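Below: a set of structures, written as structure tokens.
You will see two complexes here that share subunit A, one where it goes with subunit B and one where it goes with subunit C.
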Partner chain A sequence: MLQDYLVPKTIDQALSHLQNNNGKARIIAGGTDLLLDLKEGKKEAGILVDITRIPGLKVITMENGVVRIGSAATHNQVAKSDIIREKALVLAQAARSVGSLQIRNSGTVVGNVLNAQPAADTAVALTALGAVAEILSPAKKEYLPVEELYAGLGKSTLDSTSQLLTMVQFPALLKNQGSAFERLEQRKALALPMLNVAVVVSLSGEQFEWARIVMAPVGTKPVRATESEAILKGARATSELIEKAAGAAIAQANPRDSALRGSREYRLEVLPVLVKRALESAVAQAKGNF
Partner chain B sequence: MKEYDVIGKNVRRLDAAEKATGTATFSTDFSLPGMLHGKVLRSPYPHAKIVSIDTAEAEKLPGVKAVATYQNTPREIFNTSATMAFTVPALEPVLDQYIFDNIVRYVGDEVAAVAAVSEKVAEAALELIKVEYEELPAIFDPLEAMEPGAPDIHPNCSAGKNIPGEIVKIPFGDVDKGFVESDVVFEGRFKLPVQKQAQLETQAAVAQVGADGKITVWSTTQTPHPSRSILAKVFGVPESKVRVLNPPYVGGGFGVRIGLSAKAEPIAVALAKLAGKPVKVVYSREDDFIASDTRHGGYVSIKLGSKKDGTFHAMELKGTLNTGAYCSFGCETPGVMGAMGLAVYRVPNQSYYGHSVYTNTSPAGAMRGFGNPQAMFAIESAVDMMAEKLGMDPLELRLKNIMQVGDPWCLPYPCQSTGLAECIEKGAGSIGWDNRNSLNQPGAKKLRGIGAGVGTHVSNAWPFCVDYDNAYLAVQQDGSIHLAAGVPDIGTGTSTTLPQLAAEALGVGLGEVSLTFGDTATTPFDIGSHASRTCYAAGTAVVAAANDARRQVLEYAGDFLNVPPERLDIKGSVIYITGQELGEQCAGTGVCQTGAGTSVCETGEKRNSVSLRDLAYHAHLRNKQFIGVGRIVPGNAPPWQAHFAEVEVDTETGQVKVLKVAAAHDVGKAINPCIVEGQIEGGVLMGVGYATSEEITYDAKGRQLHNSLHKYMLPTAEDAPEIDAIVVEASDPTGPFGAKGVGETGLVPTAGAIANAVYNATGIRFYEIPLTEEKVYRALKQRV
Partner chain C sequence: MSVKTLSFILNGENTVVEVALSDMLVDVLREKLLLTGTKKGCGKGECGACTVIMNGEAVNSCMVPALKAEGAIVETIEGIGRPDKLHPLQESFMDQGAIQCGFCTPGMIMSAKALLDKNLTPNREDIREAVSGNICRCTGYVKIEKAVSVAAKQIRENQ
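On to the complex of A and B.
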């Protein structure tokens, strides 16, 4: 049963609320997942600690080539942010595809990550961007890559009754870099992805310096297509090569059969199409930036 | 063309301010002092016998006031649909439901219900009810359910294994001879999905039982008067002691509550009787999805024969529909499927054979289009394939064969109007039909295509069902107008269009008219809002009532103005002598001085007009009121539609995107064009969902996989294609000011048009909808 709803003004206050309540208090930001989980009894909380009024946590900044997104920033804030659109388009696209307008106005990108669903759109994009999360515990501050925030299906390594994720950060994409998000969905809003793919590429002239390819839901968390990445690394960015790399992605994908969102077979067959399209867009962007 | 003052204009809806500001009342937010909340325990099995049911623990839970099961509620058999109240003899309504039974026939079937002080307590109590089930064999496909070894879902199916009611047979000409004489014959079988109305407001009812036994029910029904008949029978009370009303708004219907709102009303009444307090039952979205009527899925077979020159010569249509665990509208839907399917084209030799089949799935009943979209998906696909066989343009083939005014057809009333050719012409222009074979570059991965489909429908259910309307219109003592009609406003704008019709017929401004509607106690009997009938049929009664009142007004005014009533007319609430300028009391100059139209009033003054306000008060002071009564049996009239869809098929993923639908509709006179366009747009989007994404499927244990708005792929605003709603007005002599039905017509030909567009894009013919990505992808792969 919910007994109290606290609205701290500082990060320290938020942490001390957690500490003082010994596991009974839990962080809430947008609440779009948490409130449903509480109602359905999947999670428990006697006290909710609302972090959305803490100055700084709603902010998106870029400093010295590093983009930072506060943990109270909503999907729509991220999707519409000039910084994100210019320096990490893949994330703007991913944030735009979550839920519906109302959900995007309330739900936060960090909340999307911490809900730990395998195909959380922004987690897929942040993984491709190599994002790192700043996590505060009463005694320490630590940095963890976004993909390490997944402890299992629907489970986060972060304990929201004692820890606070304050922001995620990643390097802003450079002029020779590009990114793209592709999503196979049954409708344009309020639909979980049948597949989603996020790609970040770095070019040197006509060659790939490197590429990061992340795909979901093909495992318990966003999955890196490292074999595809290896094919691309250092090679000339031709459509044949992209096709080959895209095809290789299925080796690391293990999608499930879903009566609602497509068979395993179908998803495996269509996955390379999404990877190919994302790579093509990202490459075009990287080239266009020159 | 006649100039109208009130109709044909986009007047602002009279419910707009209430709905926009959130003050409009719906059943879901209706409340009474001391009211309890009811929740329903539903079967987890698709077919089972209840061996025992123990409610003791639930009754002990604090806050629980009543627990209802088959053991303590009426055992009167009924049908939740209004068929119970409007089946025309010699047909008999199929009665196959109890409030609760000791056999459950689908996952979601009602087992028990609890009334408690809150929904939460009621839900907790449900978990304390102990039920022991003995599972019975279950069957989910209608064709399998007809096989000899299949389990019997209901006894007494005299027409055939698990077939409720009677088989519908529509003979016309000699179909066997027709096929022999045809040069080209196409034959195919099509499979249809289960679609859900997904109306905004779930099923809901609040019931109050008075100390005198009088029952009042506020609910979401589309048909308060027939619902009253059903409830009176179930609870064994005179109809005069049951009042059913909307409070007064209903959050959509699309056919899901023609009759009772699933079982919300009888469960609320049963609990209210047991608890001695008012009880409110509001279905959760899951309840609504699994335990209220859906569209019929099933199979439609078609055989079409044509002469070489493209003259259709024979058509045979067969429908086998899945009506689920209870009949509901399972007898009428195959009837409309056949009647409408056979009415679009002039084919001298036709036959239809159709029926429903019981299975252990959620009941199927009425849904917008009522069998017609199922038929037209098959027919319009077949016509396109015939065009290809004949080497003709599909539009040319349609134009050659579509029904014309006066053509013989299978329907029991004449075709007196059609604007279909104009619909085809305008729709083709909007979509760019002539470009359809030059939309794609060689090697393109995303292929575009354009397809067309046409159709018709009814404007009410006469003479297939009992179908009549009453209305009364009383001129108030100040000359304003009170109108009463028994139809609800389920969101379709009835509470605006009916006053528009009354105002126009009477000659007063819309602002003078107020309407009481959707209430059995304050309105005369009306069959209700279904079958695209409200504006057309209830509107006819409203116009009749207005004309009756008008006649009384003119007679009285004739005496008052000392002229024969035939010389009088009413405009803007002023009764005036025709041929004279409308206006103020005559000053004794101008036209009055000519003597031609001058009258001398009782008072001795000369005047050529009198306001309705003055006249009504004059009458009141002399103990008289003008009260018009309209009592009509509507005729019927065919609305016509031509839909043109442009699609883009992603050949690498199988996704079908509908880019545009040009929907040209002959609606007769559009009483409120904006409302008409809204109906068309809403219907088209429902048709797009039907064609591309919406379906309820089942797992092996008979559980509905699509049981929420999250899982059920209703198109969202972002998925809506461009919709060009084109209104064509081929006035019908039977409708009020020439109006015809429009409510259901928006999705009649949509699926056929979209499937034909997909064929135009890809060369792949689909015999099954919805065209979901995996289904389309698989077909594209198989071709390669």
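On to the complex of A and C.
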């Protein structure tokens, strides 16, 4: 039973609301996942602390080559941001894939991550970008990679009754880098991903300096295709090599048979195709920037 | 304390209403303010029937805690036209036969209005994206798409 709905104006106020209520108060941002969980009894909250009116948390900035996204920034804000489209296209593409337009106008990217679904589109993209989250507790500030925010299926390591994630940050992509997002889905709108893949590549001339490849839902959280990444590292960016690396991704993928998302067999066949497409567009982007 | 006062601007008028903490905006609109044009379909943000415009953006009012609307500018289907002077979208939905049972129509029109408020020359993809969160089980969307582009043209000509 909800006893209060608080709308703090500052981060300090939000944190003291949490602290003063000893686990009974919980952070709410867009609420598009939390409200359903509360209704279904999956989560509890005596008091909701709405962080969407805290000015600093709504902004997307770039400074000294670092992009920062506040935890109250919505999916649509991120999808339409010039900074994100220019410096992290993969994230703009992922943010645009979530839910419906209405959901994207309310739901936040950070909320998408903290809801901890294995295939949360923006979490997959942020993992590929090497994003790190800033987390405030009453006594300390810490930084955690986005992939370490997953404690298990639908469970975050962050405790929203005592901690506040203020922003995620990652290095803006450079001219010799590119990124891309690919998604397999039943429809082009309002559909959960059957598979999604995010890649970021860094080229030096014709060679891969490195690549980060992240795929989902093929485990309990976004999964790095490190074997594919190792194949690419330092090698010439040919279509044969990309094909080989894409094929290797299935070694680390463990999709389940799902009525909603398709059979394991089918998705293991399609996964390399998505990895290949994503790598090809990321490479084209990196080359095109020269 | 389970009741709070909500003040917001609803269809251009300052509105003050007592709401339960757990009320969603759609419940306040329909049950307390008796604006039943906004429909409640799925109640979980999947069908778009409850779409209203809040601070310029289309949102599902079933997923907006009422107290989130504090100080906000909210528009519902009741606020965009009058029976004797309909909004161009309302006219074009009728003219183009974009309505069958009508349940999705208020939400569909509010999504379309949120688009046209920002973009009076939408292409097909813009229109499809704008109404992609509104489910219609009667029309097949073709006439809806047409109605939105006709309304855009009408508004451009009226300017």
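Keep this in mind: the second predicted complex is superposed on the first by the 290 of 290 C-alpha atoms of A that agree within 3 Å, B and C clash if a C-alpha of one lies under 4 Å from a C-alpha of the other, contacts with A are read in each partner's own complex, and residues count from 1 in each chain.
Note that a contact is a pair of C-beta atoms (placed from the backbone, for glycine too) under 8 Å apart; a residue touches a chain by one contact, two chains touch by 3 or more.
Remember, it's a predicted structure, so these values are computed and weren't measured experimentally.
For subunit A, the partner touching the most residues, choosing from subunit B and subunit C, is C.
Legend: residue contacts after superposition of the two complexes on their common chain; A:Asn176 is shown touching neither subunit B nor subunit C. Of the two partner chains placed by the overlay, neither subunit B nor subunit C lies in contact with A:Thr226.
Of the two partner chains, subunit B and subunit C are each touched by A:Ser100.
In the superposition on chain A, A:Gln13 makes contact with neither subunit B nor subunit C. After overlaying the two complexes on the shared chain, residue contacts for A:Gln252 are found with neither subunit B nor subunit C.
When the two structures are aligned on the shared chain, A:Ala189 is found in touch with subunit B and with subunit C. In the superposed pair of complexes, A:Leu260 makes contact with subunit B only, with no contact to subunit C.
Shared interface residues of subunit A (contacting subunit B in one complex, subunit C in the other): 100, 188-190. For subunit B in complex with subunit A, the touching residues are 652-655, 693, 697, 699, 705-706, 709-711, 713-719, 772-774, 777-778, 781. Remark: subunit A residues 100, 184, 186-191, 194, 259-260, 262-263, 266, 269-270, 273-274 touch subunit B in the complex.
The residues of subunit C lying in touch with subunit A in their complex are 1-2, 4, 21-22, 24, 44-46, 48, 51, 57-60, 63-65, 67-68, 70, 111, 128-130, 132-135.
Residues of subunit A that touch subunit C in their complex: 1-5, 7, 28, 31-32, 35-36, 39, 48, 50, 52, 76, 99-103, 105-106, 188-190.
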